[in-house]
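Going in written order, the chains are labelled A, B, C and D, and every chain counts its residues from 1.
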Amino acid sequence: MCRWIAYRGQTIALEHYVTEPAHSLISQSIHALESTAALNGDGFGLGWYGQHPEPGLYREVRPAWSDENLRYLCRHLRSHLFFAHVRAATGTAITRPNCHPFACGRWLFMHNGFIGSWNRLRRKVEALIPDELYPSRVGTTDSEAVFLAILGAGLIGSVVQADPVAATARVIAELVRLVNEEGYGEPLRFTAALSNGQDLYAFRFAVNDAANSLYYRSERKGVVVVSEPLDSDRSHWTAVPNDSVVIARAGEPVEVVPFLSRRQDAAE
Amino acid sequence: MCRWIAYRGQTIALEHYVTEPAHSLISQSIHALESTAALNGDGFGLGWYGQHPEPGLYREVRPAWSDENLRYLCRHLRSHLFFAHVRAATGTAITRPNCHPFACGRWLFMHNGFIGSWNRLRRKVEALIPDELYPSRVGTTDSEAVFLAILGAGLIGSVVQADPVAATARVIAELVRLVNEEGYGEPLRFTAALSNGQDLYAFRFAVNDAANSLYYRSERKGVVVVSEPLDSDRSHWTAVPNDSVVIARAGEPVEVVPFLSRRQDAAE
Amino acid sequence: MCRWIAYRGQTIALEHYVTEPAHSLISQSIHALESTAALNGDGFGLGWYGQHPEPGLYREVRPAWSDENLRYLCRHLRSHLFFAHVRAATGTAITRPNCHPFACGRWLFMHNGFIGSWNRLRRKVEALIPDELYPSRVGTTDSEAVFLAILGAGLIGSVVQADPVAATARVIAELVRLVNEEGYGEPLRFTAALSNGQDLYAFRFAVNDAANSLYYRSERKGVVVVSEPLDSDRSHWTAVPNDSVVIARAGEPVEVVPFLSRRQDAAE
Amino acid sequence: MCRWIAYRGQTIALEHYVTEPAHSLISQSIHALESTAALNGDGFGLGWYGQHPEPGLYREVRPAWSDENLRYLCRHLRSHLFFAHVRAATGTAITRPNCHPFACGRWLFMHNGFIGSWNRLRRKVEALIPDELYPSRVGTTDSEAVFLAILGAGLIGSVVQADPVAATARVIAELVRLVNEEGYGEPLRFTAALSNGQDLYAFRFAVNDAANSLYYRSERKGVVVVSEPLDSDRSHWTAVPNDSVVIARAGEPVEVVPFLSRRQDAAE
């Protein structure tokens, strides 16, 4: 189980949320509270949007807590929309391409969760990636495969007209079908963030298992979505219900709407 | 274009061939002579057999020339059969799982070459890997995919009865078909070493392109097969002809026999 | 606070103690029990003696728990005398030269402890290193400085006639003086292992503070000295008292003798 | 011999000079032209000033040419004053703290050169660092020691009133004395850049040896100082004479003035 944070709002230094808070993402890399894996020391990553339409990435295989580059970058990088992630690997190699976030064109994605029996289902999930995006498969995680499948489900080409929630729903519905086929009932946990540089989408979903925690906080300055609260004042933070998506579009109030509820899954 | 060395014979310290000779593999990492890429600084690896039936691996993303661990290991590791490889990446990420050699069960493999238009052919090559071996696909190189395809073509199960040359020929013939399909005529270079811990096989082959260089030297102590000679006395070294395989079985003299000659390919 | 293990005895594979036991050093890197730092994720190292008189070293800045090279090496490296160490840094950089063990000539050393107010005392401690050994100062830790000071206190030159306990006592007595000068009373913890490739010495000492834990176990096969027991059966393990040194000379029974008792310090 | 580039002027993306030009610093890491070491693959670093008074740093032990993080950062980091450096180590370890640039407070420094017989002179050079700055000695290079000695020679405290050229001259004159003492005549090469975030100083100096190359180019947008030209049109670039300093103060035209000429050294 990984820990992550996503921010959209006024342009701020990344340190504001990544390194400075009492229970910052860096602290969570050493001792997460609401996670089966207290330790998130299997690499980390930053993804951020600036003046260039495509996001920047900084990913490393060392633990976040001891990376002096990360502290400098969080102090100096300023962004209106950024992701940060600390990893607890669930079987795939500790390499930079396996660290989150993942970037492709204008899109940025990160994930906390897993697909049960990945070794058995991997080929079926990779088959969801269209040929034109397969060269972008530079790592071996389930998360990257799901990201590329989502991009392939309608987000390539026109960024403006794309519907990220619908594309994600199509792919996750297919994953639900895969984990349930032949009566297996494998667990699927999908707590993820997706952005095109303007709008931020954060999903909390699971089947055959409990969903990984997700919280958000909406302030004058912007919205921040997190795996677990960055401070001990829980009243600041709203827990995102299971099977929901947080939609934080530029210039619009934050919305939390149902996402592929289990009842729907059953019906599909 | 990478550089590599393989040894089978009496048990010796790896330094004997990897770090000590005038034009050692380490020197070749900085300045190879018979290669389009003079520089092989994109990671390196050692693979060796000892008392355990499965080989050991040491792979790193840093250049071989500056890795102090490598010098210590080459001095202290002793083996009757080992591989060493310095990498010049041809497009895939610089990660440990993408560094050669690759190990799976008792088998060890390394490669110098490439498959043209890898991005276009990748899925077709990966489809040659049987399901049971697909979890062993931990990197993203063409080389690892070819290795697992070869293992799948008859080397799993009984190591004793396996025919590594026949299995390799089956896979390479299929690759020849793939690079030539639809009239593409993509280049394919395959200069590779394969071992089960007892016997050593080294291939030199290409279609639609010149084959990467390969030499060997047979001494009382053992046989060493290399991308390019380790010293300036060329008389010690025998150049391996195109479309050949060097067979160095335990307790038998070294043989060089034809491997999938182009004429054969055309007929197939 | 780091965790370490040292072994002297029959030649065995390192995995026997480093990776395999229930509470192996690898487990301790993730969750040490008898330490103020439960997490030892700031690099690690192996040092071992083989056929060459000088020891081999493998040190890495990544956490031990995720290093695939470490698992291969522990399976394949066999030694009659080896050290392994997982690091929890106390302020100095996470670099390979700052990882333990440290090697110089035939000597190997590793440490769990610290010198209080290192920034203030560093120059005075470095001044204890003789000029001829100062080029061997390739890192910046207090541990490496203490090691080189010990070597300089009588261990250079004839390995045979050297008295490692006396040399260590001379340097530690000087450190005791330094931490106490001007009435500071800085803490000094020194739980360390030292070897020349034949004999193993393990120290447990502290002033102005509690000493870090140390245990040993003497078996037919050999003696193993550890920061904390490798399994839950405490009856196998003997706790080393404060201000003691474990002496495990080749061919002699293990002895535990007093080392610079505090009463002595006060008198000096 | 390393290669470096320094820029002061309008705020631009770092990629403009670091990764994009025909003979960019990245190209020079693989194949420098005016250097005894064609290869600069022993780590690299970026230092830059932004809104924070202290500079940011990104340093890595991998070669610059294969670091995907570097490409993202050079595209996204924008600065009015930045340094970039690719390293060819001359004996000290390949660690992040040994990579250039070095930062301390508001100051940034990088170096191409060396002090002859560093092992013999190291303690004398380190003795030039004042006690208050010795905790900032986190690596082991001659370059970092010289930087801290320069800071100690008058640049601590008031940044405004500091005279960086005078401080540097004091330290280099002392180094000249050290390399010449006892008739040794050791070589000393010092081609370095220093900045406080507003002004840029670049030195080219040597005794008992040829000075490493240095060029600059002054444009409407700003001034760029380099080890060797970034393109093949040499008419854009002015070679800096031996024993000179390029002074590029904010809001003032670039000046090149003599720095510790050899005649002066002899007289001192």
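We adopt the following convention: contacts are C-beta pairs under 8 Å (C-beta built on N, C-alpha and C of every residue); 3 or more make two chains touch, one makes a residue touch a chain.
Treat the numbers as computed from the prediction; the structure is a model and nothing was measured.
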Go through the assembly and pull out the chains touching chain A as well as chain B.
C, D
Using the contact definition given at the top, which chains are in touch with both chain B and chain C?
A, D
More Cb-Cb contact pairs, comparing C-D against A-D, go to A-D
Nearest whole angstrom, what separates the Cα centre of chain A from the Cα centre of chain C?
42
Taking the mean of the C-alpha atoms as each chain's centre, how many Å separate chain A from chain D?
40
Residue numbers in chain A touching two or more further chains are 68, 93, 96
Quick one: in the complex, what on chain C touches chain B?
13, 48, 50-52, 56-60, 68-69, 72-73, 75-78, 96
Touching residues of chain B toward chain D in the complex: what are they?
30, 39, 41-42, 61-63, 65-66, 68, 89, 93-94
State the interface residues of chain B toward chain A in the complex, per the touch definition above.
92-93, 95-97, 119, 122-123, 131, 134-135, 137-140
